[in-house]
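We just call them A, B, C and D in the order they show up, numbering each chain from 1.
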Amino acid sequence: MSNRPSIARRTLATPLILSLLLIAFALVAVAAGSKPFNQTMIDIFLRVTLVVGLYVFVGNSGVISFGHIGFTCLGAYAAAWLTMPPMMKQTLLPGLPEWLIAVQLPYWAAAVLAALWAALWAAVFGKILMRLSGIAASIATFAMLAMINTVYSNWENVTGATSSVVGIPIVRTIWPYLIVAIVAVFIAWGHAISRAGLKLRAARDEPTAASASGIDLPRERLIAFVVSGGVMGLGGALFSHSIGVVTPDTFYLGLTFTTLSMLVVGGMGSLSGAVIGVLVLSTLIQVLRWLEAGVSIGTSTLALPNGVQEIALGIVMIVILAFRPSGLMGNTELNWRRAKTADPGASGQPE
Amino acid sequence: MLSDVTIRYGRLTAVRNVSLSLAEGEILFVTGPNGAGKSSLLRAIAGVTPPAGGRVDFADHDVTGRAPEDIARLGLSMVPEGREVFGSLTTEENLLVGTGMHAKERNWRARVASALEEVYETFPVLKERRHGQAGLLSGGQQQMLVIGRALMTNPRLVAIDEPSLGLAPNVIDLVYERLIALRAQRALTLLIVEQSSTRAMMAGGRMILMRGGEVLLDGDARAMGQSEAMQAAYFGYGEQA
Amino acid sequence: MTAILQTVFDALSLGSLYALGALGIALIFGVMRLVNFAHGDVIAFSIFALLWPSTDVVAAVVAGNLPWFLLIPFVLAMGAGLSVLAEIVVFRRFRNASPATMMIASFALGFVIRYFLLMLFSSRPKSISLLPALSQPVEVLGARIPLLQLITILTTIAILFGLTAFLKRSRFGLEMRAAAENFTMARVLGVRANRVIMGAFALSGALAAAIALILGSQTGTADIQMGTNVMLMAFIATVIGGLGSLPGAVIAGFLLGAASVAMQVSLSIDARPFRDAFVYGAVILVLIFRPQGLLAGRGTKERV
Amino acid sequence: MKNWSKLTTALVVAAVTGAPAWAADDDRIVVGFATAESGFMQAYDKPAQDAAMIRIGEINAAGGLLGKQIEVVNADTKTDRAEGAKAGLSVIDAGADLVVVSCDYDFGSPAALTAESSGLVSFFLCAESIKAGIQGVGPHSFSASVLAAVQGATMAQWSYEKKEARSYYRLLDTWTEYNKGICDGFDWMLPQLADATLVGEDTFKNEDASIAAQITRIKSLPEEPDAIMLCTMMPGAVSAIKQIRAAGINSMILNGSAVDGSYWLSAVPDLSNFYVPVQGSIYGDDPNGDVTAFNAKYVEATGGDPSTQYVYPGYVLIDVWAKAVERAGTTDADAVVAELEKMVDEPTLFGPRTFNSEIHHQNKARYLIVETNAGTPAVVDEWTISEPIPVDALMK
């Protein structure tokens, strides 16, 4: 722990490999040159951002959070407030403060502010919630999500309540999404090797020893909560630009479970797992969709009935978890050398 | 009974290639310092922690990797460390938990009733508190309860982890007195884990000494008490192989 | 006065639903530390079992036309059956997995059940006339309340007494309570793990089916999402009640129902849509002050 | 890792080479449906889409549009917003001249926005929010249905004029914009009705397991209101209606079109005093015989009766779009929009339609009133609100 630069050097490979992987996916999309496929790739990068954001807290603390999509909601609406044309805000969201109605920022600046806004709220909620542990903490985070959802679903003149907020500039090129996903990976890595991240993981693995050695658990958790809240907010901001509409119910149970599932299937305790979980499940979804749309074999077309995709996805998830209860990556990280088990120190991940 | 058993927790090896056998009606003390692998051994026999290698036989069955409830049905009663009473159940309910496994046998009800009477006779204090919550019993009473509970099913082998832990000396005496008496009455085989060998030497019988997951000594308890090797093994003088 | 009485009945009947749901979740959590997110889908399945698979708009009622004394056992059996099947096919493989893994597996299973129903029945809610005799108002102490509300409350109380008696008096109940408190120790004493767990799943499934019956008769609708809301509230009730504590789950279920109704009655019209935010805020407060729940389950060690 | 990339590449190549290269071919007229073929919305999109297909079939049988046969491409939105955007892009890639999107504004708008940014005309199958059009998508977007607010306003005025209702209770399910839209229209109309009073109001959530508390509030009124304006939709509507009647409240219940249909009536046996506005009758008693003829055609095409009036807007949308294309002589978006905006009370099978540069939706429309009596629904009246609802009131 004392020798941080060396930890950074030893573990730098992980975010680098993951970034290269993401770039490879992006290049495939470019090569394909199909608009729908481009949009699919944007979706994948968004999910990578969200799941990596979730990993920062859930992976390092071991506490399951059902609340993080709330921060995505906060980020998405903040981005909407900052980028919509003032005219539209005046009519659709008249309850916003004057200065906010007047302002119109480019999407990247709005995304940064949205991330900070989400992080701010993560700090507020975290201050209250982080003294809880285990399942009580999980439920409390869910209660937080439900509160955010209820407020955003009903605050007519500030969030437009359940109606879609429109007028958000749409960004259809993949690069900003790729960059944000890579930034998220590096933020997660930076947090994981920071003093706070190392302490938090130590406490996750050895709770008794950690409290004996004076680790201030609520504080370390709060740091992770705020960082991950910020990343989720960033993902939310980009999400709003990917389709140009936001509604509160987009950011509720469905997305919560999708992201959690991807994290757990990938490996809850591993950054590589977070990314791999998204890539594997997303690819699987894509293949199943392709099969659903129909595949021509010779003269006959073979198509799965609609709805089989979701059922198959659920079954595959159960099978993966049955055979790899701690996810595809377990607790390990990708590294240049595949011999992670032979060299436990290589990733800086205490086992 | 045990042959070549190895137990691992993750990367930690708790018991290394231990072989051990017990005769019917025998009393065996397993002693050794903290972390010697004594409790792990017991857990392996009871099926709680399946061994990573080797084989466990009990009552003429290969029980390696079998479920604890199956092994219990063959006649093993284990009392794990830490007096695991069911705190929210009453004393009597605690005693009755395990009796269901013989429910299909004839005269089951009568036999449960007489077993209950026997336990109450042995530990009269339990009878007084029979309808009280087990979680509210004192440490000594809880120890009596778990031992009594282990005897309810008429087992062939009773394996007890640290019966004297945390008990007042006079209570320990009482517990041992009962155990020895029961063994004589019922031709019970006893396997008792104790950190201290003093008790074993006082009670007599066979004793093995474990350290670092291996059996160092095996022999008559009283005889071993006098040996130099014992002292050395216990306190870690001399290099370990 | 009658308004107050009516409100009390409202709170009790809503609380009954949550309490039954919480019991179903707590039972399974007790024996295998599984937070069963498929519970809501078991509720939906139990009611759809009354219909013949068809994506037509009009529900093809088959088993739903049975007389009540056959219909009720049929639905209960469906819930219990699916639940036990889920245990055998899925959850048995997760006995040693971490709570997070089990939770996600249960969610994935729920997902499969939901989309299976969707494929068979389409997403349009089906209208059913379930136990129509119950949709009449009755007079109680001057208040005219729906008969179903009364039956819901009475049934819940009956189920609670029945379950308590079963757990206290029967051998199986004893084994289940012991297993809920210390699963390994119970096994060491010869309690059959599979039997107890399957029993818990069967009971939990039957409770889910009971909720389905109540919801079905109350709403006249079979909807794929119908169990979700009850399940979430039940899940919260289980935690506030103290995980592993069955009485705690029941009490917390009734408290949540009461809180929800009290807010609906007392909030101003502008604040009323925000009702749930207040309810969830109260949940957070309870957790902050009693992280172990109102009645902490003895011997329940935190594992998450 | 490498394998996944390879797999994905393979997939993409297959998808690209497999897709017909229509995009640049201007000789064809293509209607793209970016609608839900699976998931929750499927049950709402499919019937309207079937009706649209019937109209396309009729046009093609009569020689096509501008002398060309209309072709159809589909993409599944999976009832998911992000998938909706992809579906929109897919049909545009396949050369769609008209993009037809999901019935609901929230689920349809991502696809409609992709059409808008590609400069194409988009039509919502049956969305009833003011946003499904210029206000929420852009100048090339339309909806074929009638605003929810018109339904609320229609019920208020009709019940006042024809049923002498004076005291009203407003019960709003805050779940969707559609629900709020009905109540907004009701709110706009009520003050215009002399001596009509709102005696109380309350909200609930569609998913609420029980609305007992809300019912208790109604029951504690000094006397039962003449009418309850129930702004909700399925599945919660059935539950609410059932609970209201089970509590012994017999006031007339006014609704939006979303509760049309007899498929759910078995849940509330012998329901009476219950009123729904519809664009056309599925019960075989429409004053316009052609509607009944259409219903027969629908049965022939799909094997089942129309289940609700939401089948009809799908037919209307192809009808009005095709007329505009015919008049413009091209499928070019701006020309078609210009022709659509010239329509004033354009007759269609399901009532007249008006579009202008301010609103691409109906803020006034003729409605049939369906009364359910002793469990049997039947058309009893017809009503058109006295004046259109102003856009300001719709945008509030």
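Criterion: contacts are C-beta pairs under 8 Å (C-beta built on N, C-alpha and C of every residue); 3 or more make two chains touch, one makes a residue touch a chain.
Remember, it's a predicted structure, so these values are computed and weren't measured experimentally.
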Query: Can you list every chain in contact with both chain B and chain C?
result: none
- line: Joint neighbours (chain A and chain B) are C
Task: Give me the ID of the chain with the smallest distance between its Cα centroid and the all-protein Cα centroid.
output: C
- prompt: What whole-Å value do you get for the distance between chain C and chain D if each is reduced to the mean of its CA atoms?
  reply: 35
- request: Express in whole angstrom the distance between the two chain centres, defined as the mean CA positions of chain B and chain D.
  value: 73
Field: Computed distance of Cα centres, chain C from chain A, in Å
entry: 31
- line: Listed in rising order, chain B residues that touch 2 or more other chains are none
Task: Among the residues of chain D, pick out those that touch two or more other chains and give their numbers.
output: 38, 42, 174
- request: Could you check chain C for residues that touch two or more other chains and list them?
  value: 118, 228, 273, 276
Field: Full enumeration of touching chain pairs
entry: A-C, A-D, B-C, C-D
- request: Report the residues of chain A in contact with chain D in the complex, numbered from low to high.
  value: 21, 24-25, 28-29, 31-40, 43, 91-92, 153-154, 161-164, 166, 170, 172, 242-245, 247, 249-250, 279-280, 283, 286-287, 290, 292-293, 296, 306-307, 309-310
Task: Can you check the complex and tell me which residues of chain D touch chain A?
output: 1, 4-5, 7-9, 11-16, 18-19, 37-38, 42, 75-76, 81-82, 84-87, 89-90, 92-93, 105-106, 109-110, 113, 117, 129, 131, 136-137, 174-177, 180, 395
Query: In their shared complex, at which residues does chain D touch chain C?
result: 38-44, 79, 174, 201-203, 205, 207-210, 212-217, 219-220, 234-236, 238-239, 242-243, 245-248, 261, 263-269, 304, 307-308
- prompt: Can you list the chain A residues touching chain C in their complex?
  reply: 62-64, 128-129, 131-136, 138-140, 142-144, 146-147, 150-151, 153-154, 253, 257, 260-261, 264-265, 268, 305-308, 310-311, 313-315, 317-318, 321-322, 325-327
Message: Which residues of chain C touch chain A once you look at their complex with the stated criterion?
response: 35, 37, 90, 93-94, 96-101, 103-105, 107-109, 111-112, 115-116, 118-119, 228, 232, 235-236, 239-240, 243, 273-277, 280-281, 283-284, 287-288, 291-293, 302-304
